[in-house]
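I'd like to ask some things about the structure below.
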Amino acid sequence: MIFVPVLVINLILLVITILLSIADRLLVSYGECKITVYHEGESKEFSVDGGGFLLSELTSHGYNIPSSCAGKASCGFCKVQVQKGGGQILPTEEIFMSREEKLSGIRLSCQVKVKNDIDIFIPDFLTTVRGIVKNKTYDPKLRWRFIKDGQESFVPEKRLIKLDPRDETAVDAILDEFEGMRGSLVPILQRINTTFNYLPEPVLWRTAKRLHVPMSSIYRLATFYNAFSLEPKGKNIIKVCMGTSCYVKGGQRILDSMQNKLGVEVGGNTEDMNFTLETVSCIGCCGQSPVISVNDNIYGYFKPKMIDEVLHEYCKKELEKSQS
Amino acid sequence: MIAKNRAFPGGYRFKHFQGRPQDKLIKAAIPAMVTIPLMQGFGDEVAAVVGADDKVAAGQTIGRDDESISSPVHSSVNGKVVNIGKIDYLGNETTAITIESDGTEGWQSLEGCSAAWDNLSIEQIEKLVYLSGASGAGRDGIPTGFNSSIISPDEVENVIIHGVESEMFAVSSGLLLKDDNLSHFAEGTKILRKMLPHAAFSIALNSECKSLITDVSGALADNDWCDVRGLEPRYPADYDEVLVSAVLGREFPVGHLAANIGVIVLDIQAVLAVYDAVVAGKAVIERTIALAGPGFKENLHISARVGSPVQHIIDGMVKQDADLRFLRNSCLTGEALSDLSMPADRTCGAIIAVVEGNNREMFAFVRPGPRKDSYSRTFLSLLFGSEKITKLCETNLRGEERPCISCNYCVEVCPVSLMPHLLFRHVEREIIDEKLLKYGIYDCIECNLCTYVCPSKITLGQWIKDGKAKLIDEGLPCPQPKFALKGLEEDEDAK
Amino acid sequence: MKVIRSLLDKLYEVPGLQRYKPIIGAADAILYGTNETTHAAPHVVDNIDIKRYMSFVILALLPAVAASVYFFGFRVIAIIMVSYMAGGAVEVIFAMVGKHDIHEGFLITGLIFPLVLPPTCPLWVVAIGVVFGTMFGKEMFGGTGRNIFNPALVGRLFITIAFPAIMSANWQQPFDYSLETDATTVATPLGKYKSTAMAGEVNPTVVEFKEDEANKQVLFTSAAAVEKCTLNPESKFDGVKIYCVGNGAYKKAAKHKRIEESNLTRLFSYGDLLVGKEPGSMGETCRIVIILGGIFLMFAKVSNWRIPVSYLGTVFVLALVGHRFLPQDIAPPVFQIFAGGLMFGAMFMATDPITSPFTKAGKYCFGVSCGVLTVLIRSFTGYVEGVMFSIVIMNAFTPLIDQIVLMFKYRPAKT
Amino acid sequence: MFLKKYLGADGYKILKLGITRDHPIFAVGLGICSALAVSNTVANAIAMGAGVTFVLVATAVIISSLRSMIPQRARIITYMITIASFVIIVQMFLDAFSPTISEALGPYVALIITNCIIMGRAEAFYVTNGVRLSVIDAVSNGIAYTYTLVAIAVVREILGFGTLLGFQVTPDGWPKWVVMSMAPGAFFLLGVAIWISKTITEGGSEEEEE
Amino acid sequence: MTHAITIFIAAILTHNIALTYLLGMCPFVSLSRSTKTAFGMSVAVIFVVTLTAAINWPIYHLILVPTGSKLIYYIVFIIVIAATVQLVEMIMERFFPHLQSAFGIFLPLITVNCTVLAVSVLMVLRTYSYGMTLVFAFGSAVGWMLAIMIVAAINEKLKLVGNVPKGLQGAGIIMIIAGIIALAFLGFGGMVDVK
């Protein structure tokens, strides 16, 4: 008779599953919705099936919205300006917003459900991301604030765009390799990054020219992925996580002592070019916070006193490498 | 004619403080040197029209700017300009003209003045009022055709003339309206009426001086455009914000001036100055200044030339053996005068000398305190209402700063029905957002009464002021009132 | 005096005593006042300060203390001393660790707390109660002015629940010097009423005695009730025990021919209640000085009249209505107001500005709710007294009440 | 130190941190309900602690070994069914061997299902880690939970009943602190325990910095 | 009728699910930071608790008892609760978008709230009839709301006035506040009794 309960439970599960799937069909359908995106001075329209979240729809249509918590409203990165059709701001979003942002209709795209036609404006990555990188300060409230009128806004510095002939051949080699392949921009950048240890601006201009891609989209990718850097980098890249949970558990203290130990500011390289110190908003190990990563190795439950140990380890490796 | 009292919420009655000025007026000697700031009270800084080493006469215009909203300033003595330069005056850097006096008493009268002012045209009267500097009185000035206020004379709907001595130390209206001055005041009011023909006049006087009210209403008996009323001398009854709502029952435009709704608020000295200007052609070169507070040997009023150094005015009147703090105009909102060589300008109404209470008092808090004033009724002083036992007045903090205990004294005394402790708590904890706006932080008129009564010695007034500044930093300025405002474009143009 | 002054000045300098600075500072401030002056406008400030504010509460309490010493002997002084010492120690420790001044609020907690205790309360229980109250009710929230609950009541509540046997069983009969009797242990008026009302009929219209009803009990709560009751001339009242509330009912009943004096018991008289000859907590028995003290506080603007008036008014109205319909459960109004700790609670504890709403409407709401809860707990629960429960519960509700009142007061204007 | 040898460095670290710094109740604030409700006597606390530890370990084994097969959408439901099944086993075990404790625990055994510790660990750790580490983590969390419960229960039982594991430990005249056996006592003790533990851990980390 | 009133009052005052049974503490600690979220959460809890109790009672009495599978009622209850919450969320989103934005966002958090399961389990343990179950479920949820609203308002006040020691901030002080409130609520003891 032990089977009766098993039978019953399976029956109930079945009924519930059927009910849920019927409900899924009948209830959560909003028909086709039109999303209009204004970005970098251009507007683009596309249609999606309603019911999903804005973040996923945007991502699947080629807009890279930074998000590190994958839609749980806990990182607060995926901000877009919803101009029409986003509905009321939710209490879960409010904690990430400053007052001005709330007023100007900024929303977390992971919390906006697509139920009708939506007009959104995606703020320019170049100004915002670079602005953040430039400021190099971490403030959960400020981190996505728009640059206000009158404040100093980001102006790309005019630099000499000149390519070393030696580098030119290297770049051309990479570009030749990917000749004719579509959607190969990211792999190309990866290759460049590994070759030069960073993305030198002249190289990027060359790439843009050869691939007939606007420089702005290269910049967007270059600034979006943490793996890329526009500045020269050290051989080992130390990233201190400043995501919410790491920050709460003492990320700032780690960062401070790291800065003292290495004698560099965030974003700087040590003199011997061995280390680059960076901050990162989340490396997806919130369970082990506070976390730092060196290259691809993650050090969880990190404490300031562990710094020496880790640094020595990498110094030794570098030494061995140079000796061999 | 005597309208009934209207009340405002809260407020506090300061009764019988030691050092209240007597109804006695003396004349100060002509100072050897006067410094006349080119910005005095209302309006913009004016340009000097005399140069160094020029000879000037008392009453001669030495600074004037017809373009911006301002009123001219005059030399207050006969003598010679010795210097035109910047001075640090009341926290602002201001140009000032220093004049060396030759000691003579006389003054130069304005052209076109006439005892028979009825025969003068409105333009002539306006010119006299403007040129005399009387137009710079009050917070908004007296509107004339000469850009002397943010609104034009036609737009004035109400004029409030107040003589409510609500502060513990203020110039006595009884003294200002003594003898001849009463008729001068009545004449002055009529002149103003002629200048501002569309305006209704209200005169608010201390409701406790019944005889004064009867006298004034008698002097203005047959004029139906003017009503005289008594107002309980509760502090801050003489604030524009309070007067407008208490006397007229109109809503005050928060964050703006009374003139923006067509109301001009003047004090008695301003009306007398108008009379002097039109009838006698005398510019504003003299002020009646109260010497108040326990730091003076004798508390009386002194008539001094505008621009006299404070040191000169109080010379010989001050108690020598005490550590004193000199205040300008008010104990509650006035600035402390750190430099006594600074001049007393034409907005100066009182110089107050209070004793620095930096000595300890044995068992201070258990003393019955028949001479200790308090809003709470925990001191025996409340039993002694007579003039004979006056309340002490010194700068001792009388207690330590403590956390707020929500005793609600600040709420009870607030003349604009705010909750100062609530605002303070938000500002203290850096919660600067719409909540403060909702709780009406911009309604605060900064009368500092909440700080006065607070048993926990929290400087509520200062916190609220800080809160306003922080709100503006956050991009939340004062919301515009819902009713139409006057004179705003002119104001902006002037800027 | 100069000796003390120079001694204090020297103490500040001693390096070893730096940790005890709060104590020295407190002594200094009490003895000599302050020499600080105002920094900015207003240059002159009111003479009231927290010390005087708080000392007025103590002043208002002193008659009650004197009355309790008179009625319960010098043990009261010992209890008060223990309360001050134990609670003061907690206060000092927190001040030293938190490096802040010793705040004056404790002066009140230390005095109010013993006054709401039964006179027989053991000293160690007093110490536990006051330590708990000061620590959990006040210091954990940050000290005076920052607490949510009335610390004295939290302490009293804790020991009431923790030691029910000690706290609610032994009530000492106040010394009645005219009778020269020794201290005896009896029930409080509220307790007497509750037990008598539960056991028999209350204000019956007809009293009949039947053979099978042995030990029948009847309770009259007023002279009018005695009047109304048809004392059946045929019935005998030998076996019926008749209890009366107050002198009026007693006299009326005594006059009746058929009621024997031996059957008649007066539970208490209102006069005794008012003067303090009925048992109860130490400070709350002598109602007349409490009322005077309370009025004194209201006059001095230290406490606000809104809460006591609405509190007592609500109890009165509810008891008036309730007693009409449920005399078994709800005691008569005048008795309710004068019995137990209601007067003391309404005058001295509910009015605490820190733990009661600061909005006017909130104050009324607080008072009315306290009244409702008091009548509810007194009448329908296992507890005889409900004042402290109701005040602590309403302390908890205070922030919510204030929030709701502010929400209505500052409602965005409709456009 | 032999623990370190057996568990490996990472396992030892997880075990240590789970008991000290990442304490489920103090640091993360999980599982407070049952920590409050069943800590009135030591026996109940031990039974509950053992039950929770058992469910934790069993869930850790199941979830971490099946982690690649669990569909993303049905994650929570899977956890719940898994946990609930083991809770039923615990309930049956208690019913059979100690009916008194089972009665005392009442519905709280069933509520192990919604105990945030298990759900939280499953979501945060077991789905991403292997069986070995998951089990270590489960044990460490179970131990942390149990010792906290027992510590609170010791105080509550001694003060509230004058006994320890049912044996009288206080002198005869000892007045029982009735409040300690009721809900408020639990709240106060847990509050103080959180305070103490946070002060200690914060003090500790500050020392480390220096 | 009187019985229903008794159960209702008991569930709110004398046998409050948060203050006496100490249930639903995790959201109690985390969501009592602001009255707005506390209100949204507690309204959602009231709805879900009543609804799930209403669904679970017939399932228990009409399916599980007759088939002799009482043993697995925990599993069934928890599944039903999870499914109901999901279903409610969908329905709300479709038909009441305003409600969804105010309360719906709290629904996913409720699945693991022990109040919901506890009410269903208690209804079985206490053998309530259907009507009594509804009253009990509603009353329990209202009692929980009462408790969390009080604590949330106190927390907001503490934000303005409090100066809580560092280690006690957060969960610690909420425990102390809840303890004092529970202490005071003991005053209602003996008012009504539940079997």
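Chains: A, B, C, D and E, in written order; residue numbering restarts at 1 for each.
The criterion applied here is as follows: contacts are C-beta pairs under 8 Å (C-beta built on N, C-alpha and C of every residue); 3 or more make two chains touch, one makes a residue touch a chain.
This is a predicted model, so every value here is computed, not measured.
The fewest steps needed to get from chain A to chain C, moving only between touching chains, is 2. Common neighbours of chain C and chain E, by the contact definition above: B, D.
By number of C-beta pairs in contact, the leading pair of chains is B-C.
Comparing the centres of all chains, each the average of its CA atoms, the largest separation from chain C belongs to A. Using CA-based centroids throughout, the chain positioned farthest away from chain B is D. Centre-to-centre, using mean CA coordinates, chain B is 51 Å away from chain C.
Centre-to-centre separation between chain A and chain B, using Cα means, comes to 60 Å. Per-chain CA centroids place chain A at a distance of 39 Å from chain E.
Counting partners per residue, chain B has 403-404 as the residues that reach two or more other chains. Residue positions of chain D with contacts to 2 or more other chains are 179, 182, 184, 188. Of all residues in chain E, those that touch two or more other chains are 71-72, 75, 79, 161, 163, 165, 168, 173, 176, 179-180, 183, 186. Chain D contributes residues 29-33, 36-37, 76-77, 80-81, 84-85, 87-88, 91-92, 106-107, 110-111, 113-116, 119, 179, 182-188, 190-192, 194-199, 202 to its touches with chain E in the complex. In the complex of the two chains, the chain E residues touching chain A come out as 36-37, 40, 59, 63-64, 67-69, 71-72, 75-76, 79-80, 83, 86-87, 90-91, 93-94, 97, 101, 105. Within the complex, the chain D residues that touch chain C are 175, 177-180, 182, 184, 188. Interface residues of chain E, counted against chain C in their complex, comprise 35, 149-150, 153-154, 156-158, 161-165, 168, 173, 176-177, 179-181, 183-191.
Residues 159-161, 163 of chain E are the ones that touch chain B when the two sit in their complex.
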